[in-house]
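Think of it as A, B, C and D in the order they're written, each chain with its own count starting at 1.
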């Protein structure tokens, strides 16, 4: 089938390639002239036969909302827009409403897989009307990994459900990564375990903790055995925050996912205001700043 | 080669079978007459030719320590004892010292894989002297999964390192399980995601969170889609506690692993004393117990 | 001075009394005829001389927003509305904007103290224009505790700052309560400490942990030494959630406040879906459900 | 009465002064010649009349254990040793046993108050035999704050109970400090609250969060309004760790106290190995290191 694809960055570029390999026709648009197929969004739309299907794969937030609004102006009744970016699921209802006024259909798709997706395929969670899911299925089948469809694709529910599922997926991902990371640090801290990379590599087969993330950790350790080529400053991209916010909204305890999120926040602080406050409190009752009369003594302790 | 195997429970029983399938001779001993090969520990030792290798696979703690002490009385100089149970790594040094006095060698082996190990193989992390590792390698090769040795087996370091690595493995396991569990609860709580089992099943291929534990979760959901055949009371088996204790000893922040551990503690409480204290405090300043003079009013709020 | 006061529940009823004791005139309105001074909101407004000051003390959320909207219809240019309820600070900007269109001024006031405020006074954090703060200062002085004004009253910033400060106050409160609660539970669990209420009572003077909340805990223990007259099911009222949400928005790590919040969520669950998922996973790899061929053995262990 | 006091550091020095002010005779010993009363431990013991009472106030751990062992050699049957340092409660049983062999009595005392204790008095939690408690009561009365004895002193239980109670006290203290600290950081991060020190100062009267620690925070903010004279690197002194370890031993969930402890650990790390592992994982699936073929594009996103 024919697909319009807006956004040809790391994700979209590879997705275009994978969809083409499956025999479909893709007209891609990106503002970067080196990678785009069309000269403009309008040009891209013009090259597609109605009823059109357009996949939006641009950074979440304002850019996505604007792109979808622009598409609303260009598309016709019966066309279908799929937002495959990491948008917040709450955007989906608004997008769907706005497009519906013009008779344009809307679906949301959570897409997982990173740069590995080109070869391995992408995990897909979609939200929308059954008939729209059906219409886009050839594209989903092209993108998803080999194997049974239901192991790499789910129609999770109505509009928004795809992004909600992807949000939760990423929240889980935060927790998984932090669990491995704490284990790595503890192995590093131990004097007993002498070959940390080999120990972690040995977890790849037969163990309970084997996973794709573990494979990636092994891979990272192979090129950088103490992981000291990079700094421990870790960004967060939105889904972790939204997951905790949704957990709060639904009164779901989320101690692990929130701990993983806060560890990222802390990792980016050169100096923590909170810990300065703790230091200041210790200073106050320990009296380092206020005791001037008392003699210092090697054998004495200050107790809180 | 020839192996003595003490303990033929769920783990040891399957391990005997897997080792035999690899062509080795196993003399197993268990106090359960239905499964044992030997009539007594002494009988088992007597049936092995020196230098002997004896694998201990009994519940960690006192039983393991006692079994190893008994073996010390029965074995000869040059024999090798391998503790494959979930013992605390601090036991290993003591066991090794005690046996060394009699010239008996000692190794520790962390074994992962559960009931799946018979078919899939067991992930192995061992601690001990290189020559002892070498001697037992045919057994390790029989137990570990197919594939490159280093992806299912590691010589992590000296005596104790195997159990330390297994302890950390299980600590990570706690964190991973809790991360999936929080995600599951949030999906269940959402009104958007209508087919939770299908959504989780779709994470098996292509996604970042794909793992063996995820496969097990899918399997569980297939037979019990809302997981309501069981109660959310979860035991902990030692390694999670030890991991947090070691993290504390080494000043390693372990917010995720400890949160997973505490979630298990809390899951087993019918009523939490701590939360009764919080309730009592709210009661005190909210004044539900003390305000008798003031009129109740539907439109009024009590604020802390 | 003269004040209109809407909402005469536990908080508002006592506040009217405290303001009157300070010599001011209060016209209170509550839909409960037993406590109200006026027959309607309009009646209350009608009894006040312009420029009027009206304090709103009704449950946060829709009721507050509706009450302020109704006041907007009744009040005149130059009048001042103060929202003293536990409203989310984000409501304040909207309320202020809506009233501003009619020339009505707006302030927000965070009020702390619970049922003790009548005698002790209320801690106050307000947000608004300096001239509005000045105008209402006689009321603030009546409500706040004895002592230096700056120890019980702060003009925290523009509109919204008062509720923001109160929100953070309550977030801290969650953390403090949980810290005491965990300590209480650990003392209870110990076989060493034989008189838990006496031990906690002894912290009231000289120690680092002495506080008003500690005094309340002592008070609770005096009437119920094991705190078993109540159940450990704890509600949360909004501010704790908002605090964590704001922490996330500002990338501020809040592990303690979020842990306290999640402990409340968990306290209200009869059975935790997340912990059912953990139990299901353990079941899968421990094989309690799947192993049928293997013999059970008292001396064997199943290891993950 | 007469007291021997070993250790005249910040705590012991002030305690000697407070006890003397109450009219008792104190023979202090410290290895620092500027503050000591006696030339040696033996000299101190020699100056006391039997039955003697000796208070040990030296840094916890090896120094305390050695000091108590030395006292065991010097003291006579019927004498009493009180360990007032921050020793782990598990040391107390051993100390008591060792001294008991010589007929020397032993008590443990948890002492709280820091440098403020000289003027305010010290909160005391003691463990030991009732007759020993009775014998030392004049000293306890001298040290504890004014007011009812039971508000600043508790006989918590047998030997060890005093240090156990102090350990829990300090664990709570960690949680309280972290709660205030998180609130401080969030207030600082907000653009709404313009005067953070004034806002926190206003919590001192009437609010739920008023406490001595809050008073100290106000004091710290008065001399350093943004708390930037110091760095957010915070030590931990043992009790916080022990509290979490005991919580684990008793299966008591301690999410807040452990979070506060881990925040201190993290505060001392220049770069976190765990967060380097998380960064490495993101790098692996985000492909920053591995994607060389794909073109970079400003409008594309990489999704996990």
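Everything below uses one rule, namely that a contact is a pair of C-beta atoms (placed from the backbone, for glycine too) under 8 Å apart; a residue touches a chain by one contact, two chains touch by 3 or more.
Since we're looking at a predicted model, the values are computed, not measured.
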Greatest centre-to-centre gap (Cα means) from chain C is with chain B
Rounded to a multiple of 5 degrees, the Cα superposition angle from chain C to chain D is 180
Across the interface between the identical copies chain A and chain B, with over half of residue numbers shared counting as same and under half as different, the residues used are same
Separation of the C-alpha centres, chain A versus chain B, in whole Å, is 30
Chain A and chain C have mean C-alpha positions lying a whole-number Å distance apart equal to 35
Between the Cα centroids of chain B and chain C the separation in whole angstrom comes to 42
By the touch definition above, chain A meets two or more other chains at residues 112-114, 170, 173, 178, 180, 182, 185, 189, 208, 213, 251-255, 259, 262-263, 266, 272, 274, 285, 304
Chain A contacts chain D in the complex at 7-14, 30-32, 34-35, 57-60, 63, 85-86, 111-116, 170, 173, 177-178, 180-182, 184-185, 188-189, 213, 216-217, 219-221, 223-224, 227-228, 230-235, 237, 255, 259, 263-264, 266-267, 271-287, 290-291, 294-304
Note: in the complex, chain A contacts chain C through residues 208, 236, 241, 244-245, 248-249, 251-255, 258-259, 261-263, 265-266, 268-269, 272, 274, 285, 304
The residues of chain A that touch chain B in their complex are 89, 112-114, 117, 120-125, 127, 144-147, 150-158, 160-161, 164-165, 168-176, 178-180, 182-183, 185-187, 189-190, 192-195, 198-199, 201-214, 243, 246-247, 250-257, 259-260, 262-263
